[in-house]
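Presented below are the structures under discussion, each in the form of structure tokens.
Below, subunit A partners subunit B and then partners subunit C, in two separate complexes.
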Partner chain A sequence: MAQFNFKNRYFSASGADLLRTMNYVYFFSPLSDYDSGDGSRLAPYRSNWYYAPRGTTGLQATSALIFSGGVHKGSFNLGSTVSTYRHFTGNGMGVTILSLSIDQQAPISGGNNSTAYYRDVTINDLNHYISGYNGINHYIYFYNCEFLTTPAITTTALSTVYSYVTRSKIKELLSGGTITYQNNNSFIGINTTIGSIAGNLHTFERCNLIVNQASLDSYKNNYYAFDNCNFRIGTETEYTPLIGTTAEVLRETFVNRCIAAGLTVPADITDYGITLPLGRWIFTTNQIFEGITWYGSEINLFEIPRFISFGYSTIRGTKIPIVVGNNTPASIFPNSQSSVGLIYGTDSLSIASNIDITQRHKLFAESKIIWLGGKKKLTKLDIPNNLPALYGVLIDSLPNLVDKEANNIVEAGEMYMVRSLNENAASIIYNGNTYSSELSTRNNIFKGVAGVNSYTFASGSPAVYKINDILNYQSIQLRIVNKIPPDIITSGTLWRDNWYLVEHDSDQNNTTDYITYNGVNYKAGDSFLVEDVFTFTKSGNIHLRRCWDKNFNFDWYDEGSEEYSFWVNEQKPEWCDVLPEDTRCLMKNNHPLSAEMMRGEDGKYITTGHPEYYNRILGTSGVQSPDDIFIGGTYMQIRLLITTVNPM
Partner chain B sequence: MIYQIKKDGTTLKIDDNVFFDKQPKEFRQLYDNARMVEIKDADGNVTGSTQTNNAEFDNCYIEVYENGRVIITLKQEENGTV
Partner chain C sequence: MADFDNGLPPAGTDVTDNSVNAVNYSTGEADTGIENRIASVNISSGETGQNFVTML
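Let's look at the complex of A and B:
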């Protein structure tokens, strides 16, 4: 089995390729063991440790610390007596969660600075303490970070910490020291006064905002997008939403409320020939979700003629809605392919109250067929969620722990985790050392060494599991194809367990014609899974296309059969594991124009969630594969697997 | 929108609706100089420099997007236009 490898590229807050530009790079994982970690790609230091990870005291002063996915919850002692330039970089916001306590003992003489750069991480209960010589300045830069809680950044009484925040998603405002918000941040659910946050091109989503005369006079020139916000304007005493739905009406409402509340609205602003009151601000409802602006939304249409982009991300996304009903095209809805234990709401999936997250569960939700409107490349999938990763609940299609217990067989080079079969602590002895299930000491992971193939029980009822993915990659599943069988179906019997797509004969935007299947009307672009009913009726100029069997397996089809002939040289609708933040793949024969993706040793398509992917593009075997091919196709389905009891 | 921007004793009037390559040469030079950031080694010695897209002027910050759009954000205490 291939080992998971760290990614091929990690960037600094200023965009430098860390692996190429830094002399010292150290890798960290919460699932590596304390003893054998040396900070390298394949033997990272362990970060979930309540003491300094071995070797971190004395990490080079100018260095990059790369954090794998997962919750990193240790105490780091980064001692140094000279100027320090340290990069703390993760796999992405929502994936790498830093709950570290960092003690940066630096520097001890005047004239030296300490600088820290955070990028691509979620910050949750982060403590960063900088001790050292009084009176010197410390600089911390955050780029593309998500702030769930304010990081506690402290230093000695006579020093100052300067924090700079750029292109980040902020759910709690920073505090302490001197904080500068630079351009393009996304604020979600905060309370503030317009103007008290520096910078331009921010989005404010579900925020409570105070508007005073200075907000209007001094900040009218900055670009802001307000989505679903409540305002307390001038003499008003409560935060209330603007009444209306379109941006035009909401702007008018805002201006009228300002006037009614005793404020003077500045003269209209002309920007690229468009004249509007407060013409650099836009007020909308439901057009931004977790900082991502929808493609084609009023905000997006406001951006285009002004050559700007709001918020932390330049991606303009298309929403795959989560719905309760079953006739919303390209949605995730509760069908027979979803597991029990998930509760569907409007754009929300939650875990039912009868599911105990301290027990092993795999819950999944599947989308309908998503027609991408032609052959498209996927550049990013964003799955905003607030699942309690700290308690081991993640969206992850790959099990981090091999389900089966190790049964006293230890393979050299593999990592193992000790857990208890009951509520009490349990321990085992391996290679002369004792490992306990307790999270309070976190001495619960060991690495197999050559010649020592078994462990002995020491106390309690231990269970030992092999760790499958020490990098804690959090993947979703998707299947994507370029073509579906060409037959246009207007009558006849439907095939059991097959997905069918509804197409209009001439106009895919038509909303009057429909197919009726099992009592539900489906319009163009919608799709359904055939189970116990095999007939349908049509109304208008509409037809069906058969897509694929829900359990598609190419081996079922005999050579010469219609199915075999169609799929043999095509990309097949097989599920592959993909990291949402990195949607790349390998193509057959390493040729970018191949019709089909490359298969790994296990027979599965190699996409970023496949353990071979990063090994192959890094050339760990001595032969390198191209790293610039994005997953592409025309028809897609996605599946979210929510798993519990992941290592934490 | 026309802004009065200041940098090292120079004051210029800049229209942010004009793309960067059509801005006055003096402004482009000021920006190019201001966007250089020194890279230092562990002892604080300057070992090189790198370019950023966000330059600090005396009374504002200037960011130039890849599409050439100039974004001017006046510093808070001096926010206002001419």
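Let's look at the complex of A and C:
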């Protein structure tokens, strides 16, 4: 199988295409071994190491450091005596987690500055130290970063650090030096006073907020969105939520509480012809999750007439809701395709308390059929979640570790990780070196070499796993087709294990006509899986379309059969692995108008989660595939796999 | 935080408060009708045996 490659494009916090503009680019992975990495794409430096990653003291002063997915815990000594411009870029929030200790030495002569840019990463326990000299300034720019904890940014007393935060998701406020929050940040679960954070167009989600007269008078012209927040207003002594559910009622409640708490509410604000008290603020419940809202939400409906966009993300995607009931069209709901161990709630899919995350689990949830409203290309997927990646719990359909332990067979060129079968430390000896399960030293990964095919147990009860994806990509699964069989079904027997879509005869927005299957009424746009009941009834001008077998396998169908004839030249409903942040694919014959996606050596469609995708668009074989084709189709299904004990 | 002897998260870690909230997708219009093709071959010709004189 092809080795996963880094992506074809990485951007700096200032928007520069790093691979095209930087003379020096170094790649890092937490799952590479310490000895063989040289900072290249296919042999990245190991960054998950408690000592300086090899070579980092010699990194060029102006360079880009590209981090794969996973938790990076190295100590970086980036020594330099001239101006430094260093870019730290990852694969995205929640995917690349930086817990680095960085020593960025500043220039020794006056007039030079040091600058660091962070982008597309989650910051957790980051320690960024700059050794400075008198009068030298240091600048750190954060763009599209998530802050789980406050980064420790320190410097010598004689110099100053200026930090700028833009389009980021902040769960702990920054401290140290001079911090400027620029526009469009998403604050989650923080305590602050409205107005004490600079900038405009922020979202505040599950925050405890103090409101005083200055908040109202001085910041009424800033656009803010408050979702599920608690307020302590004027003379109030406790943080309490606003009573109500709709934005309209919540605004009224807020205004009334301000008056009752002794504050004077400023005159109504007229904005683009809409007059409201505090008309640039909006109060909502459950309209933002992890900083992300969606097309048609109350927040979005507030944005549209005002030509604004709240929070770190500009994407307003269509929401596939997580629901408890089974007749919400295009939803993710508990059905037989969901594994046990998941708890469904409204807008919530969580892991049951009886699931031990120290054991290997693959939990999965699946959506209904999603009609995209005609043939569309898929441009982005957002999955707001706060699963604990730091504990190895991820949404990831690509196993980072091969399921079985290596059984004392080591292949040359492959990476292996040592773990313990119990709670105690364990170690093995391979090629004369000892490797331990302990994360405190992280001497736990080795690379197979030619001629040394086995290891020996040294202590404890070790388990050795082959690493499948050293770049720690995190993917979801989807299947998407351009067409479904054309038959209009109004009566007859349904096929076991097939998905059926409900269509109205003439008006897909109709909400009165329905199909009844297994005691549940399904309206236009909804879908269901047939299992043990094979009959249905209809009410009104409505019909069914059969979509596909839940375990679709084209090889089942004999040549000449109805199924074979329909699917033979069509995009088939087979699951493929896709990175949510990059929804591209390759098409058959490298032609963007092909009916079907290209298949890899393993027979699977090549989308961004396939190991061949980035290799092919980078032209690693000497022949380059087009990099501008997005996954397209008309009918789609999505599957989320939540896996445990991924490398931490 | 996660520096454990056996390389695994601590037993009994409670993750029930952590959840997935939705999947949001964005779409654009699908590409249509862009063909890679040779459109035509254009040739230029002149009278044979004729000498052109450029007048300046």
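In this section, the second predicted complex is superposed on the first by the 598 of 648 C-alpha atoms of A that agree within 3 Å, B and C clash if a C-alpha of one lies under 4 Å from a C-alpha of the other, contacts with A are read in each partner's own complex, and residues count from 1 in each chain.
Here is the rule we go by: a residue touches a chain if its C-beta (ideal position, glycine included) is under 8 Å from a C-beta of that chain, and two chains touch if they have at least 3 such contacts.
What you are looking at is a predicted structure, and each value in this text was computed from that prediction instead of being measured.
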Partner contacting more residues of subunit A (subunit B vs subunit C): C
First (subunit B), second (subunit C), both or neither touched by A:Y219: first
Touching partner for A:V402 - first (subunit B), second (subunit C), both, neither: neither
Touched partner set for A:A2, first subunit B, second subunit C, both or neither: neither
Subunit B versus subunit C as contact partner of A:I210, first or second or both or neither: neither
Partner chain in contact with A:Y272 - subunit B first, subunit C second, else both or neither: first
Which of subunit B and subunit C A:S348 touches, first, second, both or neither: second
First (subunit B), second (subunit C), both or neither touched by A:L42: neither
A:V255 touches, of subunit B and subunit C: first, second, both or neither? neither
Subunit B versus subunit C as contact partner of A:L439, first or second or both or neither: second
Footprint overlap on subunit A, comparing subunit B with subunit C: none
Subunit A to subunit C touching residues, read off their complex: 71, 125, 289-290, 292, 294-295, 315-322, 332, 343, 345, 347-353, 356-358, 365, 367, 370, 372-373, 375-388, 390-393, 395, 417-426, 437-440, 444, 476, 591-593, 629-630, 632, 636, 638, 640, 642, 645, 648
Subunit C - residues contacting subunit A, complex: 1-36
Residues on subunit B engaged by subunit A in the complex (per definition of touch): 1, 3, 17, 19, 37, 40-44, 50, 52, 54, 61, 63, 65, 67-69, 71-76, 79-81
Residues of subunit A that touch subunit B when the two form their complex: 14, 16, 60-62, 82-85, 111-113, 166, 182-183, 195, 198-201, 217-219, 221-223, 269, 271-272, 280, 306-309
